[in-house]
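Data block below; observations after.
Chain nomenclature is as follows: A, B, C and D, assigned in order of appearance, with residue numbering initiated at 1 for each chain independently.
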Amino acid sequence: MSDVIATNQTILVVGGGISGMTAALEAAECGKQVILLEKSPALGGRVSQLYRYFPKLCHPTCGLEINNRRIKGNKNLRIITMSEVASISGDAGNYSVKVKVSPRYITENCTACGECGKVVETEFDDDFNYGLGKRKGAYLQHAMAYPQRYVLDPAIIGTDDASKAREACKYDAIDLDMQEEEIDITVGAIIWATGWQPYDANKIQAYGYDRIDNVITSVEFERLCDPHGPTGGKILRPSDGAEAKNVAMIQCAGSRDINHLKHCSRICCMASLKHANYVNEKYGEEGQATIYYIDIRAIDRIDDFYRKVKELPNVTFTKSKVASVVENKENGNPVLHGVDTEGYHRYANEHDLVVLAIGMEPSVPADAFPVDVKFNEEGFIEADESNGAIFAAGCSSDALDVNRAVQNATASALRAIQVVNNVAGSEG
Amino acid sequence: MAKKEYSFYPGCSSQKAASASNYQTSVNSMCDVLDVQLNEIPDWNCCAASIGYAGGGELPRLAMSARNMALSEQAHPDQDIVATCAACWLATKETQERLHNDGGLMEETNKALAEGGLTVKADQNIRHMVEVLIEDFGYDALGKHVTRPLEGIKIAGYVGCQTNRPFGIDGESFENPKYLDKLVETLGADPVNNYDRKVSCCGGALAFSEPEKSQALIKDIIEAAYDGGADMIVTPCPVCQLNVEAYQGQINKKYNTKFDIPVVYYSTLMSVAYGKSYKESGLDGQMIKAKQLDAIAKK
Amino acid sequence: MAEEKKVGTYICKGCGIGDRVNTAGMATIATRECKSQVTKEHDFLCSAEGVKMIQDDIDNDGVNHIAIVACSRRAKTEAFSFENVAISRGNVREGVIWVRPDTDEASETTQEMAEDYTRMAVHEVSVMTPPTPSGQSEGRKNLLIVGGGISGMTAAIEAARAGYEATIVEKTGALGGSAANLYRRVPESSPFKDPEDSGVAALIAAVDADSKITVHLNSTVTKTSGAPGRFSADITTESGATATENFGAIIQTSGFTEYDANQLPHLGYGKGKNVVTQMELEALAAAADGGVIKTADGKDINSVVFIQCAGQRSDEEGHLPYCSGHCCTTSIKQAMYFKDQNPAIDTTVMFTDLRTPGAGGEDFYRSGQDKGINFTKGVASEVTDNGNGCTVKFRDMILDEDTSTDADLVVLATGMVANAGVDIDVVGQDDPGKWEVSVDSILNLDYRQGKDMPQLRHGFNDSHFICFPYETRRTGIYTAGPTRRPMDIGQAIEDATGAALKAIQAAENAELGRAAHPRSGDLSYPSFRKEGCTQCKRCTVECPFGAIDEDEERYPQFNEGRCRRCGTCMGACPVRVISFDNYSIDTVGNQIKNVDIPEEFDEKPRILVLACENDAYPALDMAAMNGVEYSAFARIIPIRCLGSTNLIWVTDALNSGYDGIILMGCQKGENYQCHFVKGSEIAQDRMSKVDDTLQSLSLEPERVETYEIAITDIERAPQLINDMAATIEKIGMSPFKF
Amino acid sequence: MSDMNTAMVEKYRNSFLSEVEANVEEGEWVKMCMQCGVCSGSCPFGPYWDHPPQELFMMIRAGKREAVLSSESMWMCTSCYNCIARCPRGLPITHIMHGLAHYAKRLGLAPKNQQTMKFASIFWDNLTKKGRVNELQLGLKLYFMNGFVEGIKTALCMKEMGMSMLMTKRMSPMEYFGGHSIKDTKGLHAILKKAREIEEAKAKQF
């Protein structure tokens, strides 16, 4: 790692999700030197965990493939995975950044041949699948993981599995003595794109996520529908692995709620429309999707998508914030209790599976931020003079859908370029 | 451990020969073991409970609780106020909150109190006895005093409403508080896990004015306890205790059920486990006898 | 290239390749059959020393055409990227050993696969040349910005801050656009409680103060030609004076026009002064400037009803089918104009879905409620004049009743209509030589395919892509702000800043001859043999990016800077005169022709698969990673886009004895996923002609199939290959084997 | 129609919402409701409400004064606080319901025979008399609050319960004569009187 070259004309991008990748690539394709840090072993972030995008229902991996190819072909861009920012000091045009790099235990030699994965035995909850499935202690994060290199779970270091893995590798790519590293770099501008995380569903007590097997979150539902996911793309419910054909989506699960997230997470309505579409796609007439909502926020031309889904005969919309979910002990079905407020109709509806349209909160909370920037009450970074040359991109700046996150990331790339160009100008 | 002292607000139902007098008995025994001294607020008055609203307006009701706080501040200035009744605790705590949050109210209330020669600051902690047990002692400490573990008894922890919402016990959730279950375990008995009526409403005061509707709720509460295999129900609230215990006969008539499940206070369980006698534990106050407890208590 | 061609073939034995196939045999084929001058095997080719071995041959041995026979071109790309040489990849890992069982009976066909991929790689590279830029670009970096509203000014200022010059052309006599008419704007920063200054004045001041920004008022663009790095634009003033200037890239920020409320008579518009649009209310509020807002005819206002979605989200004739996004927060803001001035004024917002998304939106909604704005979920059916105000008939969705309310003023939240110029799908381009200015056009492009930016939906110049919102169909020209998509000021500012970045990037890359997205950095570009050209115009018509013009003699004029390197023109050309240095009829044709075709009774059919490099090919790679097997008879060739498929490849394949052919492209139609927009669609039309070929050869139609493949089709794509194998087994081998 | 009611109608002719904001406990929160309905779905007595809380709020905003104030609905509140715990906008719904009920009673618009209203009033009088609840008298009053015959019926069906309460010493006949009381009843009554005065005065000034 010592060979990381950076100057105060370098742009640092923190976070390798769709926003970070975009900001980094757009800047690099303008000829700028860029360093991209990613906490996990591979790029892609949240979108790589999505099956499809609304409203086109196209596949995030399609765009990821293009971005991966852009990265492979760009010499201005340096990627450091498994790394996090430890500290930031300095001012616009001249920041010193400490970067903590966790050991991957696998070197560039790795050809992703997969032999190590075959021999290790210990399995772990697959966080890429939100714990819905298992993965080996030596693994490739996902089929499109870039860099296409395996990683060892720290938990197997020092166990037989580790040595088995090393013996299995014909390319001497496994280095069990790899240590955590700290590297210092100087950069001119920083683009912060650490994205979002799903709100902790356990906190929404009334919906019983912690008590009822068949209550899951929208991000988990995406994994269920993905052919690369734990069920190979089948909608199988957790309690008994049965096909879930009658699915309920509960909107504002954590959002628009002063007890949880006071902001509207913007994407959840469309996510649920998309999910209703999955159900319809998989089961046709046999499927039934019910969306419990307060307001359907499908703005601008995304409203087309809302109207299309509305026309599906097996999708129902109920204007109601569900009051509580209880489990039918006989069959494990969640039963939703509440009131349809359009004309006051009380309901107790039983479904096979409940999907909580879970809210979006910034991954890096204000109090854990490595340097002093302006946050709003919702915890997003707000553009402000006082932030110097630290620019938020994507969901670090607001609850955004992918299209807007990319728009915003492209904009932040220019803001960063302005800074380093001025540095270049002043240094002649 | 040194003696702990609190400014005690017993509430109407815990008075001699009142509906929760047995609660008071067991609380006294429990405190005796835990070396807790409850200093009764001199000349305390009724909190007006929630149901007081129809007669009393906002300010008169606040004044009732404010008077209690004022008296406590005079008599035991540096002690926390502790209540054993959910309604008393809630009404007092709510009053405190309102007085501090709504600018005008503090002044108006004091104007009213002045007529009785009192003033209130409303800055003492207002706590439920359960909070005292969990926060000032903790389960381990409470467990240490157990001399007669309540082995083999399955108990449904019925938390009810007002001990739970809107304030509740720190660190517990509104929908699934676990402290009664933990307490039951601490005393050597088995809790009913996922007792899904543990926070549903018994009708409260409306058990009097809307008996049918309330008894329908009570029926579900008892049924769920039986479904969970419970031998008895434990609760921290006098209203819950009375409603769930006293109406079983009427419910049996109406729904031809055969309910006969004892409903006891946590303090009764503790007193028994702590080696107190049948009487000291308030078991004589059970309209539906808690036979398993009686057996242990009479050992 | 001056130096003579020298082909080197490098075969990797790693990742089990060496164990599964006979690499020595492959090497022999490379040398003997394919005339590879240098052929080497290596145990671990992507290792530092493996790479060094190749680099040494380049540096010391004059090897300049390199066939890497190892893993997929998607793997180890950086390791195998050598400067100034032509490179091809033979995929024997994901393409062979990972999709074939490791059994004795399978070993023979597996070996044949590996040998074929070796042949294909060597023959492909031997007809490639390392691409070099055309040098067409004039290296201009300054930006032309058409439209001087918030979006336009923002784009100019942000570009200037990065050191790039910008020229704003504004049709009216002043900068500011629609936002200049706003009294206040919706807050963009916490605590998101009160309306804010629109910020227009500040922007105008910043533009005026910036020496890098030039402004032409009362001016329009009357002709645009050229390409990124060398655009030329005629800027004409009202008086008619025209100046021609040159630019590196263009941003169109022509904004929107408020929907014409006269089409909403049932909502009482046009009948009196007490029904206004949101924009008209802004004027009243601006006039009052914080004082008492009165109707245009001076009446007091004690009650206001805001009707959301007026003529929006509706299929009725003349209504807008979409949501304009900003109207909910705008109405809240406007209701605050009244409440902040006098809380006693009743304000009701009548909505069906209140849309206030994002961090600030919900705060602003709550602030509106806190200020006493009444929100009613209801649908207004009629607004009538009741003498001293209006009566609004509506359905109360919550109380579930038809009712009405009186108001002194009714505000209609009508939507945004894009100023998108002429719809080129309706109005075609003038014939060469007869080109004329269109007053309706924004850009007056002289492009073969029309005068303005293509429109996507509802008349907006939007991009179709979610992950690439700036992926326009006119390279180097970007649209931003409400002409692209309905949006509020906050989003327009972000959008314009992003568009400025893309414009700068387009100019920078044009200078280097690098392709824009999605083949970013590709230096190749299409060239054609004029002598062979029949002026059939197919290339100029089919280019998804309007990159090819026609000269007066109807010959194609390629504009490298506009080209996205998809090869659709190449696929379209019936006489095959169009090619790229590193991608041509021959680079693919050679691979097809050099696959070894066993004799008919060997019962070893050959299936040609032409797979889109962005979706189908990765899908097959990932299938391989997941251990999904498919027929050993398949030979897969990645192509830039199905649109680049030339019929000759299919005919050649059929003639040389292939038994089946599968074309794998991306989804077409409304939700097309082809990143060259029309590539797969065009190809599929083209393939309809294959049937004639098949008939002329008296072959069964089932032998050629075209599919839409998504990158997630890791099960389906292999299955389709196996299906074809099964079909062939059913209908028998092709008779055309020699 | 009570005088106070006439006065209020006079004063808030065109806005019931402002009337509620000015006179109902926590009434200023009504405008903050976003009609999600979580309160309505959370109420244990939900099925018995003609108009659940969120609908009452909408009716108030729609100016349906009579319908709201004469409704039985808010008298169905058991004070379980589920609605408060779950409301995403933080409305103190329980208290607003109490406030509406109290205001309706003050205006004489509450349904004449509303059982909870009767009980709640008896309860208040009972507890304010001596500063502490006299459960026996409360119980008896309760039985007979709907007339003598009804009272006997109730008394009979409550007999068992009454007996077992006596047996377990959780009720005492002695309570009938005097019973528990605070010492300073005079002071308490003065306090309550003053409190009521202040409240009346506030209602007027709006």
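Rule of thumb we're sticking to: a contact is a pair of C-beta atoms (placed from the backbone, for glycine too) under 8 Å apart; a residue touches a chain by one contact, two chains touch by 3 or more.
Remember, predicted model here, so these are calculated numbers, not experimental data.
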Closest chain to global C-alpha mean, per-chain Cα centroids: A
Comparison of B-D and C-D by number of C-beta pairs in contact, larger one: B-D
Centroid spacing, where centroids are CA-atom means, of chain A and chain C in whole angstrom: 24
Centroid spacing, where centroids are CA-atom means, of chain C and chain D in whole angstrom: 64
Distance from chain C to chain B - Cα centre to Cα centre, in angstrom: 66
Multi-partner residues of chain D (at least 2 other chains): 34-35, 55, 82, 86, 89
Residues of chain C touching at least two other chains: 354, 377, 398-399
Where chain A touches two or more other chains, by residue: 206, 256, 319, 324, 341, 344
Pairs of chains found to touch, sorted by chain label: A-B, A-C, A-D, B-D, C-D
Complex contact set, residues of chain D against chain C: 14-15, 17, 31-32, 34-35, 55, 58-59, 61-62, 89
Chain C partner contacts - residues on chain A that touch it in the complex: 18, 22, 25-26, 29-31, 47, 51, 53, 56-70, 72-74, 109, 111-114, 143-144, 148, 170-171, 226-228, 256, 262-266, 295-304, 307, 319, 341-344, 376-378, 380, 382-384, 398-400, 402-404, 406-408, 410-411, 413-415, 417-418, 421-422, 425
Interface residues, chain B side, partner chain D - complex: 12-13, 15-22, 43-46, 48-60, 62-64, 67, 108-109, 111-118, 161-162, 164-166, 174, 200-201, 203-206, 208-210, 213-214, 217, 246-247, 249-250, 284-287
Touch list for chain D against partner chain A, complex: 34-38, 40-42, 46-47, 51-52, 54-55, 82, 86, 88-90
Residue ranges of chain A touching chain D (in the complex, touch as defined): 206, 252, 256-260, 294, 319-324, 337-341, 344, 346
